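In the two complexes that follow, chain A is the common piece, with chain B as its partner first and chain C second.
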Partner chain A sequence: MARIELDLAHAYKPNPTVDEDYALLPLKMTFDDGGAYALLGPSGCGKTTLLNIISGLVTPSQGTVQFGGTNVTGQTPQQRNIAQVFQFPVIYDTMTVAENLAFPLRNRGVAPDKIKQRVGRIAEMLEMSGQLNQRAAGLAADAKQKISLGRGLVREDVSAVLFDEPLTVIDPHLKWQLRRKLKQIHHELKLTLVYVTHDQVEALTFADQVVVMTRGRAVQIGNASALFERPRHTFVGHFIGSPGMNFLPAVGNGGSVRVAGHDLAIPASRLGSGTGPLTLGLRPEYVTLAEPNAAGALPARVIQAQDIGMYWLVTATVGEGDDAKLMRARLSPQQAIPKPGDTAWFAIVGPHTCFYRDDELVEGATI
Partner chain B sequence: MELKLERIEQRVGPQTHLYPLDLTLVPRAVTVLLGATQAGKTTLMRVMAGLDTPTKGRVIADGADVTGVPVRERNVAMVYQQFINYPSMTVADNIASPLKLRGEKNVNGRVAELATKLHIEPFLKRLPAELSGGQQQRVALARALAKNAPLMLLDEPLVNLDYKLREELREELSLLFASGQSTVVYATTEPTEALLLGGYTAVLDAGELLQYGPTAEVFRRPQSIRVARAFSDPPMNLVAAEAVDGAVLLPGGMRFPAPLPADAHGAVTLGVRAGSIGIRPREGDVALSGRVELAEISGSDTFVHVDTPVGELVAQLTGVHAFTLGETVTLYIHPAQAYVFGAAGDLLVASRGL
Partner chain C sequence: MKPVNQKAWWLVLPVVLCVAFSAILPLMTVVNYSVQDIISPERRVFVGTEWFKSVMRDDDLLDALVRQIGFSLAVLVVEIPLGILLALAMPARGAKASAVLVLVAISLLIPWNVVGTIWQIYGRADIGLFGAALAKLGISYSYTGSARDAWLTVLLMDVWHWTPLVALLCYAGLRAIPDAYYQAASIDGASKLAVFRYIQLPKLRGVLMIAVLLRFMDSFMIYTEPFVLTGGGPGNSTTFLSQYLTQKAVGQFDLGPAAAFSLIYFLIILLLCFVLYNWMQRVGTADKAEGSV
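And then the complex of A and B:
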């Protein structure tokens, strides 16, 4: 196991000049020994490139990769001692479950009694002890993927285990179980795990620290709470949460912000030096219904009210004409829900409100 | 279109893919086919489309028996999981193909209109392979809409997209469907997707049609434990219990008040959705303490798994909450939000909300 330090950038073509030339813009990050990390972002954001650089499948065009203080930039995955789990099961159909799990250990000449013990432990964690002597060929896709996970986790001496969207082929209700297994396994085995996904649930559940990426850039590294409460970049606000954060154009003016023609009072300290054009960000979970003309509230026209079972999702427009912006509110059913066509007042300024300038969070005291 | 399935049954060799079922789709509305993989969703859609002839039963379209009439002789639009476009044609030609086939006038105008609706107008001159997955699926959707067919079948159309794209496209689709021009059938494995699409939901499980009705109603009043299971994400909390003197006796001896039918006795199952369990007490709540086994976090909710004396329970809490594995937590359940199912899995008591 090793602490992983990255200080690098990557471009697939020579002599990159502008940001667009980079698959990965210059970044510096450290993955602590025994930590669980996720690289989260939409397709094309650079997360797989970053994973491949960590594994050694791709050599960064500039900078270095260090494992435990040793420069491994030029080393292969084998030399780096990395275990990998891919989207689709990579197992031997003709072997039994036990033989599949034992394979990475046998390859390394681990003693038979040690193999038996380790395979038993992994099988127990994955709840596959009853299937150890079954041939892999007859198993369902999710069971096969469980074996792949087991093969990735079976060696104790790896520098890190890398996962590339490992739950893609799994049915939603089984995903619950496997996400949970992975978390428990990390708790027990304390391996360094790096997990690539576009799925926020997998990333936020699995990882202690999530690296949110967009367009070759790591825009925030943080735990679930930081990404939810204080997105440092509008992309994080948008990408984390379903639906994501609401964004409304605003103008800061010392003790107030002007949104869609309404001056809403806020403590001046909240904006720091934030006067002038800003973006107000507030998650749908924190938008609440308010009395007309209440402090920090403005009127919006409801265009859709969806009954999502445990709550209502209300979509409304703030502002008029071409400047109108959509805003969503997640409302508990224990109140009167406004209907499409209604004009309702919504409170949008409070401790959970964030302000952004040029997509970056404006730091200020919380309200 | 009014589409009616009468005693439809589908068998392949010794295997039954669909058990006899009757289903009359609400015309010009969305019907969601909800079920896990292998539940029979695709099989049922193929029968509706005319891609497959059912082993038994009849398909009635607008009053006419179309059983066995092949798909090309029916007016049906389909969208699949995979993004299917003509690879050698531009995006514009892809969307135009059904219009040209029908000899429509003002093809360019219609193409532009559909492209605008699906936000692909900048790509009209490109080939599908030059687009991202989400854009390719938009092209396939635009082509399906161009057909203007009275029946539109979508088989998990968003499953291969990133969830943000899925969110965006689902929203646009639900607005398009709301125009009420076509009868739409939409297959999904995800309960939340069904709720977001609204309309009507048919719950399928292992080749059986279990329940059909307005989506929110099926969600609130699942007629059986199987429906409740299929229509809950995360899975509904189920606790094996006993009906004794008008109350539900939980393992460990706790009494859970419930308006049981007079004749209810013996084994029952208590069902509580994760979203109905909180960590702050309300008037009349039943409290259960336990140990945190895991906290899962979606962007908007925290799902905390707790080992309690009645078994493991999952609570869904809005927002991001930090829990330490192993810490003690008390869960609160309001009796009015619980379900009770009989020994045969039939619904005895539905949640009355709050």
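And then the complex of A and C:
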């Protein structure tokens, strides 16, 4: 086990010049020993590339990978002592479940007694003890994927276990079970786990720290609450949450900010020191109804109000004509819900309001 | 009650006709010959199973059968492993892969009788490159004089001609294995041999089955190459079943025994293919014994 430090960039093409040439833009990252991490982002954002760089299947075109202070950039996955589980189950067809689980240990010349004990323990954790002597080829996809997971977890001394969207092929109800299982295994085995996924629920429930990635960039590393409360990049605000953050163009002007033709009072310190147009971001959860012409509130024309069960999702437009922007609010059913066609006033300046300049969070004083 | 619609018969009819003319009628002609003694086109006598009995007692034929089985087994033993090795050694992608594929496939494009002629000349001690080279090295080699040399030459010819087929099939099978398997094996610390034993070989099972059946059936029917090389000699050393059959049917016009033997020949191929197919289906899929780790 080891602390993993990355300081690298990767391009599949030689001599990258513009950002688009990079699969991974230069990044610096540390994974602490024994932590559970998730790499979260849409398809093609570079998360699998990053995972393969950590495991050693891909060598970064620039920079280094360090395990516990040792440079392992040029080492193979075997030398790095990494375990990796892939998106689709990989099993050895001719072997039984037990032989499959024992394979990584046998290849490393572990004593038979020890192998038996270890395989027994992992099989118990994965609830596969009854199937140990069955041929792996005849099993269902989720059982096969459990074997793949088991092969990743069977070695005690691994530097880290990497998961590349391992639950893609699993049925939804089993997905939930397996995710809990993994979490439990993490607590029992205290291994460093890195989990790649495009599913925010999966990432946020599995990991202590989530790395949000887009277009080859790691835009934020943080726990669930940091990603939710203070998205460091508009992409994080948009990608995390359901629905994502509301964004409205804004112009700072001393002690106020102009949004959709209205000047809203705000301490100048919250808008940071930079210049240029701003974007106001506010999660639908934090949008509240206000009295007409209240401070920090904007009129909005409601176009849809949906009952989602626990809350109402109200969709409205703010601003006039071509500049009109969509806004969503999650409102509690305890209050009067505006109907489509109504004009509602939304309070949009509050402690949860974030400001962005060039997609990056403006670091200002919080209220 | 379900409505009965007899029109479907018309839809089946073309297939029935095709199969009848291409397979059933010719086969029935042979069956017809096998139970009659055809003395002249006008005179024929029904003889029952007599031809079958006499054919089964024919020592020359039994010798040819043993020779044939030995040859087919030798073909499989040499060509299958060699084909796998060749496929493993071929480059996986890029311009080199295309070039190698074309080179490997060349021998498959050459007709059987040409292959026989090529080797007949190639193996001659006076003007053939192969024969002359062996002679220069002091190795006595003559496919016309030595039964062993003739047999080996026919085998070599077949290996040269048909191993590329096995290689191409295996190559296609290897390319169909997803990269994740190799990555997982590398992470599991598997050696090259283990990768072959536990990933490549099991994944090649399907194509290998086709390769074994094709090579078995083809080699069991080998005719042209030994015929061109030595005409089945020296002696009877390279007289395999189909050549023996041709001698009987076309050379001596013993249509009855030839037909009886054709049927036996057909059944032998069918039986051996059936056995091979079932055996290969089962290899590696039977449940392992209890308690093996």
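Everything that follows uses one rule, which is that the second predicted complex is superposed on the first by the 351 of 367 C-alpha atoms of A that agree within 3 Å, B and C clash if a C-alpha of one lies under 4 Å from a C-alpha of the other, contacts with A are read in each partner's own complex, and residues count from 1 in each chain.
Going forward, a residue touches a chain if its C-beta (ideal position, glycine included) is under 8 Å from a C-beta of that chain, and two chains touch if they have at least 3 such contacts.
Nothing here was measured: the structure is a model prediction, and the numbers come from that model.
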Touched partner set for A:R151, first chain B, second chain C, both or neither: second
Chain B versus chain C as contact partner of A:Q78, first or second or both or neither: second
Chain B versus chain C as contact partner of A:L248, first or second or both or neither: neither
First (chain B), second (chain C), both or neither touched by A:A2: neither
Chain B versus chain C, judged by how many residues of chain A each one touches: B
Chain B versus chain C as contact partner of A:F88, first or second or both or neither: second
Touching partner for A:L204 - first (chain B), second (chain C), both, neither: first
Contacts of A:K116 with chain B and chain C, given as first, second, both or neither: second
Contacts of A:E229 with chain B and chain C, given as first, second, both or neither: first
Partner chain A, residues of chain C touching it in the complex: 178, 180-181, 183-184, 186-191, 194, 198-199, 202-203, 284-285, 287-288, 290-293
Touching residues (chain side chain B, partner chain A) in the complex: 36-37, 132-133, 162-165, 167, 189-192, 195-196, 198, 216, 219-220, 233-235, 273, 275-276, 294-300, 305, 316, 318-320, 322, 325, 353-354
Contacting residues of chain A [partner chain B, same complex]: 42-44, 171-173, 176, 179-180, 183-184, 187, 198-201, 204-205, 224-225, 227-229, 238-244, 283-285, 306-311, 313, 330, 333-334
Touch list for chain A against partner chain C, complex: 55, 57, 76-78, 82-84, 86-88, 90, 92-96, 98-99, 102-104, 107-108, 112, 115-116, 119, 133-135, 137, 148, 151
